[in-house]
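Input: structures, listed below.
Paired with chain B in one complex and with chain C in the other, chain A is shared by the two complexes that follow.
This part shows the complex of A and B:
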């Protein structure tokens, strides 16, 4: 057959028409979409019986109740426990992503000892026996050299059976150097000690307050127990409660508040006293409280009236005097006003002056131990841990006589319990080796303590560091030995307090799933270790294992806790004023100056008064960036905005006017330099910030953990120095002098 | 639709005064719906977030600057007269996305989708996301995947389903108990449940017994891009005028109108 042009075209056209009309292309397209989607690596989650298990989240001090959904024995989702007194069904980003931590890549899968240099990530898996013998050997060695006091422990918390076991071990071993990580708890405990004369934690009756005055506290950034604060914030919107946020940056809290009053950072104490001035002058204070329950009020009043007039306060704070007057009147005029302080999430303690001034403001309006006010929640009421005293041998006795390395409780800092900032500083400034063995539990000081550079130096001076972390955090990374704890969903642990909660509450963290790796409960490690050491140390603890210890300690609360996941003291009433104060005069003590012989209230500056640092750097907190001892899991880092993190670059907020001055535009790369160091960052122009301020997010710049968080952005703690509060020794730095260099 | 059931119009009212921008809704959604994650999620065009919280700003200078967060799930548009002509449903050549007259929910059927992304172009809310890559769960992490929602594969579009599997589970339970109707709290989305600020309320917009029925009539309520006629089922409430204007319902010279 001859193929001519005509038949060729007919064939082509006919073929095309035929194919199109046939089902073939459609079938092929359909099949293709099916084939390309049928990859064997697309997981098919196994089905099974659904159940829920209640527990308590321990990822932060917030103490939320969690209900874990299980498919057979496999946890698949974490939700908030409905009806829980703290979070009633709500949960934060971290709590919701807990399973990514449980199954995540940053878990430490078994005991490991360092083989390369510190931080080189060169590890050797060892057995638990070997690991515990290693520590026991070190401990024996120190003890026989008469250096038991050089053992130290840094812990995330000082309450609950596990921290108590560590404390007890140190006691029996012969060291007083147990240190808790810093937070506003330090400052509030100090204020209650000084003004109320009690050993108590501050609880806030936020649900019942109708006027919340927040001195830079990030009530929507994670202050206190985050979910509880969110829910309280929602209830104020419904009930008409007012929130006034004093803040130098338009934080989420400021944006959601009824009024945002920008303030020159660091001057909160001045404003608080300025408000007190107006309240006293206009006689708006609570006469009943001041007449019957205050001591040395007249002296305090004189200082406030002489030195803190709205005019002089305006000069320092940058807040107009008419606003100060109006705010004071609104605050005093509210039915149940409440003033709170502690910047951002409250990760750092603050200046004692500021905390006392704010507490005095509450006292002035009678909002102490009343509905909607601040309550002293007696620690004894929560204290179910009634273990017999440790029988100390001679070594332990002599260890107990020594002063703490951080100087807390000594002459200079009589009322302070822990000073991790001084701990680091004293290690660095001493010629001796003050700490020869360090235990780190439930904390990541290498990353979270300000002034990373100094922390690093101090760590280098400590010859042996043991981390009990479940995750490969920065501290674990730079330790010599890791004794990984079970992850929080794999272990029992009591959570004896919820930060800022107004009633005694105990949460129980329960094992929802079998341990996934070769980990061991830190409580068990301590108990076994003590057994190994024998003598008085072993005698200090007679429990078989941690679970038995916990059950025995909790006694009749065990069953309630195991079932509900929490126990709340239902008999606890609003403490009231009568018999509430245990000071020598049995009144609320305003006598500040006598105690510290300080020139009245002091405004704390920041490091770096050199004119080459014309700006001030302040760190800021966000719910979407965990900056505690656990870093963001993948879901959480996913929620971070691209004006905070883009690729590996971190953004700092500056005012567009500041940007203009430096010739910067949105996204410009700069070097952010402070007396403590420098970091490469990019700028985000933000109208919600004072000129000459630079705000950097906390929670980025991890070097530990997995690829989903590691190496992203920079750790602002590298740039922030510490600034010691002269009254307490606490770190009261709220920022640091800084400069921006265009690159 | 079963002949015994009344048609429902599930929707949300989100109170933007109460929303704190914490992101819990986003994460609750990801955890509930097996949403994947990558090493770098900072390119937001490629980051799959069925529910995304946007940060709005009023554009004013310090100290008059203000910000507000706006959570944006799929708006489950009913189209004019709720006939189901939502922008995405109208254009899907594969019937991979459909409007349910039973619930008012816009579905997404992954196995039907062949990835033409026509719906993404049509959706005025950027509520749809495309799987450019196969999702990868690092070893061990696949253990937390929920069997209620099938993990997606490369080449398909995905979006918020108002946690439709929860509706199915609740209905199954109701049928077993001999009921045909659900109580309001029997079917709630994961984001609503997790919201620590109680800013999200979810329910049947046409059922006077449900909270959303009244809430949507708030004088400060608005919907996004209402003038497009998409008839979305997500209402927002804000006491701040600039936020209501940010719903893009007004020309510059027009005044903000309060509902009702």
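This part shows the complex of A and C:
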């Protein structure tokens, strides 16, 4: 039989008819449609039992309560804890994105030893035993050489059992060089020490205030405890509370405030004293407080009345004198006025003059330790850490006699506790090697400290750096040894304070998930290390492990904390004025010069008075840019507008007039140059900024972490220099002289 | 001119003649093979479609442990929900976890090899058993057991069949393309089912939902509204959509 074209076609037609009559095409079509929805790379959430576990977020000092949603044993979502005194169900974008840090690629997966040069990302995985022996060897070596004082520790916080363990270790070892990262806490603590005579943290009764005067504080940019400030801001809108934002840039806070008063940056102190002038002159101040609870008010009054009339304040600040008068009257006329300061998120301390002037403004209207005012929250009230004193051996004794490397607490800076800026500077300026071993815990100084160039130089001078970071941050990247801590959702830790919260509160961070990698709790590392070293150092800590230490230390609070995730002192009442002041006169001290030999109120300038730098660069903060020890995870960076970050380019804000002067248009590429360095950036034209200013976002330009966090924009700290506050030694730089060069 | 025209007509006549017999041959003799080949093609493709294709489409996978539902059913008090229970929040736990098994099977009971595997490989090592689930649906399908079992009071058997009486687990046949069990489309490749539980495709859900909806509608005895009834016939989704029939009820 010959098969020709026609018969072949007939065969095909038969086949087609048969296929149509069979389930093959229909079934295939159905399966294919399911297949297209089920590609293996499509993430499919696991099914399982839903539960919630309460913990405390430690990604910033805000101390929010978090409820983690779990499917079986796996955390899948982070929410704010309902009914928590700080955040009551709310949570910020960073807190919501915490799981990306837990599961992300920037985790350090086990103890690691540097193999290549520093920063080369060349690491060797080692065992925990080897890692701890390495540190113990170094410690033994320094101690036997009589150089125990060259051990230093930089920590993100100085409260809570873990920082206390580090401090205790340094004590027993023979070093006084425990340093906390800078923040407005430094300045507020100093003000309370000087004016109230107490060791306390500043708490703000923001929920009850009806007139908030903010001296460049980013209420909606992450100042204090961000979520609490957001909800307080919402409550003011409902209750009719007024917000006046004094800011040199139209920040989100300024845009949402009832009034925005633009000011030449750095002159906040002058404005505060100008307002005080009007309040005193018009006799609007709280007579009861001033008569009964103030000391040396007359001297202060004389200075304020002589030097800070609205006319002279107008000249310096650029704010019209009628506005100054009206503002002073509104502030003093409010029932519960409150003035706050600390620029942006309050990441850096400020000028002592400014903080004292703002505090004096609160004192004038009686808003101290009252409803809606600023409260001194006694640190002792919540100090549950009652460990016996360290029994020091001779080495430790001699170490304790030495001055701190940063000079805090010495004759020059008698009331200052920590000076990380001077720590860096002194290491660089000294001919000897002041620090031979550095521990870094809960901090990322290599990225967050201003003047990165100097920090880098100081790090280069330190022969051995140990990082306790859970993430491959910039500091870890430039360390010699990484002893990774469990990530914040994998470990127990007490969070003894919430920044700017007005009651004693303790939060508990709890392990929500088993450690994902070969990490170890830093508390345990310190305890084990001490055991290894033996002698008085081992005796200083008798706990078996960190969990036992924490449980014993918290005592009867442990149960409440484990159940609720927080403990708050219910008995704590509005402190009031009586017995509140522990100064020699038992009154709120207005004297500046006589008692503490502090210089007169001063306006702090910025680095670089060279005429070739005609502009001033000011960094600004945003809720969408994390700028603490951790960078923006992918969820958060996606929320950043493209006028701040586009691709890898960072934008700086300049006034359209400035742009015209330099021949720039929106998006133009420029070199932003300061005495500290230069960066390639692009410009965003923004009318909400003065002509002589350039504003750059803080929190970009990471080089550590993973590919999702690093390489986006530039780190403004590279350009910012430090500017020392003469009264306290704190870094009070609010900006730096700058110039723009068209590319 | 005329000479050449004659030549042309002559040529065409000559050519036409020998073609005649050829055409006849094709007409008579080729109808056989054409029909035959049509049938051959038809039969081959039917065999491929009905017999070979289903065999190729599914791969055979054995369950990690052979489970005897009947035996366990006798041991428990509350039937299926003793192991396939509802959690406190109302969600359905589905296939039991080791935790439930370990209640009795902490140590090896009896002599079966499956029992030894269960205890040694899974319970002792605290590793969940990777059961292959016959009724697993794609992630986009939202199915609430609570709504069906608790609220509509349907028995497990309605959808899952008499699995509770089985003494061993059948072979799991996995669709090589979609990755789901053969039980979703049904054992019968044509999609025809004898029992309610033979298939678990969308139409099977819809059939029951339609029935329930029409029963509800007739029970409510509403007065005829010609316009709306017509509208509903033309656009079934328009007007007042039946809550149980909208797409997003199941497709989240």
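Please note the rule applied: the second predicted complex is superposed on the first by the 700 of 743 C-alpha atoms of A that agree within 3 Å, B and C clash if a C-alpha of one lies under 4 Å from a C-alpha of the other, contacts with A are read in each partner's own complex, and residues count from 1 in each chain.
Basically, a residue touches a chain if its C-beta (ideal position, glycine included) is under 8 Å from a C-beta of that chain, and two chains touch if they have at least 3 such contacts.
Remember, predicted model here, so these are calculated numbers, not experimental data.
Colleague: Taking the superposition as given, does A:14 touch the first partner, chain B, the second, chain C, both, or neither?
Modeller: Touch status of A:14: second partner only.
Colleague: I'd like to know which partner A:23 touches here: chain B for first, chain C for second, both or neither.
Modeller: It touches chain C, and chain B stays clear.
Colleague: Is A:100 contacted by the first partner chain B, the second partner chain C, both or neither?
Modeller: A:100: touches chain B, not chain C.
Colleague: So, A:220: does it touch chain B (first), chain C (second), both, or neither?
Modeller: The answer is first: A:220 touches chain B but not chain C.
Colleague: Touch test for A:307: chain B only (first), chain C only (second), both, or neither?
Modeller: neither
Colleague: Is A:31 touching anything from chain B or chain C once the two structures are fitted on A? First, second, both or neither.
Modeller: Once the two structures are laid over each other on A, A:31 reaches chain C alone.
Colleague: A:44 in the overlay: touching chain B, chain C, both, or neither? Say first, second, both or neither.
Modeller: Both: A:44 reaches chain B and chain C.
Colleague: Let me test your reading of the model: by the given contact rule, A:255 touches which partner, first (chain B), second (chain C), both or neither?
Modeller: A:255 sits against chain B, while chain C stays out of touch.
Colleague: Looking only at contacts as defined up top, I'd like to know whether chain B or chain C touches more of chain A.
Modeller: Between chain B and chain C, the winner on chain A residue contacts is B.
Colleague: Let me test your reading of the model: by the given contact rule, A:678 touches which partner, first (chain B), second (chain C), both or neither?
Modeller: In the superposition, A:678 touches no partner, neither chain B nor chain C.
Colleague: Considering each complex separately, which residues of chain A are in contact with chain B in the first and with chain C in the second?
Modeller: 30, 32, 34, 37, 42, 44-45, 47
Colleague: Taking the complex as given, what residues does chain C use to touch chain A?
Modeller: 30, 33-35, 37-46, 48-50, 53-54, 57, 87, 89, 91, 93-94, 138-140, 175, 177-180, 185, 189-191
Colleague: Per the contact definition, I'd like the list of chain A residues that touch chain B in the complex.
Modeller: 29-30, 32-34, 36-37, 39, 41-48, 69, 71, 74-80, 87, 89-93, 96-97, 99-100, 102-105, 220, 226-227, 230-231, 233-234, 237, 250, 252, 255-256, 260, 262, 516, 623-624, 634-643, 645-647, 655-657, 686-691, 706-708
Colleague: Could you pull out which chain A residues touch chain C in their complex?
Modeller: Per the stated touch rule, the residues are 1, 3-4, 6-8, 10-19, 21-24, 27-28, 30-32, 34-35, 37-38, 42, 44-45, 47, 49-50.
Colleague: Using the touch definition from the top, list the residues of chain B that touch chain A in their complex.
Modeller: 15, 17-18, 20-24, 26-28, 30-32, 34, 37, 39-44, 47, 49, 53, 55, 57, 59-63, 65-69, 110-111, 113-115, 134-135, 137-147, 150-156, 193-199
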